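Please see the structure below; I have some questions.
Labels for the chains are A, B and C, by order of writing; each one numbers its residues from 1.
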Amino acid sequence: MAIVTLTTDSGESDFYVAAIKARILSVNPGLNIIDISHKIGPCDIAHGAFVLRSVFRDFPRGTVHISGVDATGNKGEDYIAVSLDEHFFVGADNGLFGLISDKQPQSIVALNKINPLATTFPERDIFAPAAAKLASGVNITTLGTTTPQFKKMMDRQVRATRKMISGHVIRVDNYGNLLTNIPRDAFENISKGRSYTIQFGGEKVKRVQASYNQVDQGECFLLFNSLGLLEIGIYKGNASQLLGMGYDSPVSITFED
Amino acid sequence: MAIVTLTTDSGESDFYVAAIKARILSVNPGLNIIDISHKIGPCDIAHGAFVLRSVFRDFPRGTVHISGVDATGNKGEDYIAVSLDEHFFVGADNGLFGLISDKQPQSIVALNKINPLATTFPERDIFAPAAAKLASGVNITTLGTTTPQFKKMMDRQVRATRKMISGHVIRVDNYGNLLTNIPRDAFENISKGRSYTIQFGGEKVKRVQASYNQVDQGECFLLFNSLGLLEIGIYKGNASQLLGMGYDSPVSITFED
Amino acid sequence: MAIVTLTTDSGESDFYVAAIKARILSVNPGLNIIDISHKIGPCDIAHGAFVLRSVFRDFPRGTVHISGVDATGNKGEDYIAVSLDEHFFVGADNGLFGLISDKQPQSIVALNKINPLATTFPERDIFAPAAAKLASGVNITTLGTTTPQFKKMMDRQVRATRKMISGHVIRVDNYGNLLTNIPRDAFENISKGRSYTIQFGGEKVKRVQASYNQVDQGECFLLFNSLGLLEIGIYKGNASQLLGMGYDSPVSITFED
């Protein structure tokens, strides 16, 4: 069964998500709909992009991913379908898709250009049928008018020199763990076995663990997680609360000579 | 695959929802179970009815909808299966189904009358098997004893004169948007192009937008939403919090002569 | 379709749950994945065990249940697959599986022993493929090295004499109802028709109802629920808040001579 995933900021107390699913199944009842999350912060493109880029490649190639995060987009922004990194994406051209992969998109089409439909609920009325058609094998170029590019926003960057790497917390997860944007690659390329000090929230730590359970309960751990990113936590505790850190808090690594 | 939807007030931290699904699949493993919401307020029939009536018609005809909102009902109320508006509904006869459609039900049967089962968990023990059978093609009249009507409650009404429409907020959604019960039909029939003033929470507004993104960030918008109902919001803000309005807050439209 | 269930403490705002599902479907796209709950308290083994043991038997025999609660486990604990009570379970050997059934496990295998994979995300990288294989008919003994037992923890026990039963609240559910560990069996065996007084949070009650709706709104009810356990609630109210009781609050029944 072909898969359509949903990532929205619609919450779970309303009819919105079910309406999207009903529309998808009315186009093709054989599709397998998988929820990624409906708890993205309202219009929080950074949150939505982080979640989607962290997981979309785990799905089979050709999976169709609907983004219902800031689904209406800003005035004048199109609704688009994109073929990117061997997956399909459907949503508003609000910058989210520009944050999920460094690859060049293979195709971008603007939806709702031919016989445009006026709707306040594009997830249901435009994204759902387009996604269902893509998942059913319809060629993306037949869904709209080809367009050369989508909106690109600058993502928060890591700064790295021979002496130092500076990054930020990009996500506080359900456990209160602090996921940073500092990648293992940069760390290993720069450290070359040198000693180092990791600084965050008034703490200074001189080593990284291999797993969550290698410190005692209530102690701070640092590790490179399954995304290859530096993560800070308190074993069986809530690091965000206990360290007073949150989204955007700075984290740096200084290397000794 | 035939579809069974679930709308409950059971939350997502307990075993209740999974037990309902397991029972449905034990009757027919080929059914497709779609969650509408499990975050209906405890025993909040108005919330459950609003969500279910807003979405059930988006599903294919013949879809079976379980309501596990106030599932036990009040003392003496039956459990029922209903054929209504080309869909099936199963739940307590607590008034919820009377709020979801103006159509006359085609059939109503009282469940659990023949060899009644004593259970504190009717969603699992009575609704799930009845719904699974309906979705598998079993005739509704074989599931129980035919009964002439279900409980009808008065829904909160809109008052409309030539000069004024008075309604209320019937739902604050995940975005903090205020969904009212004022329908576009009534507005257009009465306004006939006249100027008007919409009043709510101390604000007076003289126009309605066509889409969410036609005002600047932080500004108030009003539109007729995908349900055809007047909706008030703050673009990229939380209108409920910022305007101090909630469920039941009054909204009125006054027309000039 | 064979079923794989998920019970985790991962929440619903991150990519974790979707990553587990994607991995399962990449092994066998025909599996039916059912969420039990992702709202288990972080590393709360008692909560996870209560939910899983309350529902797993409602699923068809042979269903595979992944526990992603405290998924990493403590240092030195294995990842295991277990055949128990005609179902399969996959997770960390952190004591959770020892709390879900009194039956003896038929098979236990330690996963990730042959060519062990270093991962900080065992739910996705170890549990998901093992569960997908089990659900696809692979023999459990081929998945790892047979091991004689899993971790057993003492569950909170009920104390019962001829004169008295003492128990505790083991779960506050979504409605604020207080589920205790006092079983109907023990109550009936000891009471033998004698009068009794149930004490909890300063209240004394001398009878048990058969259903939730047999008291007036706002009044306290006690019943033996669908799990056969004594449950205390306020009809259409939140007993936990109104009685000031929560997890672990004592509840006792004293029998008259």
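Keep this in mind: a residue touches a chain if its C-beta (ideal position, glycine included) is under 8 Å from a C-beta of that chain, and two chains touch if they have at least 3 such contacts.
Predicted model only: the values in this text are computed from it and were never measured.
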Interface residue identity across copies chain A, chain B - same or different by half: different
Cα superposition angle of chain B on its copy chain C, in degrees to the nearest 5: 120
For chain A paired with chain B, centre-to-centre distance based on mean C-alpha positions, whole Å: 32
Chain B, residues touching no fewer than two other chains: 12
Residues on chain C engaged by chain A in the complex (per definition of touch): 9-16, 18-19, 21-23, 25-26, 29-30, 42-43, 72-75, 77, 118-121, 124-125
Of all residues in chain C, those that touch chain B in their complex: 1, 3, 5, 12, 32, 34-40, 47, 50-52, 54-55, 58-60, 171, 173-176, 210-214, 223-226, 231, 236, 238
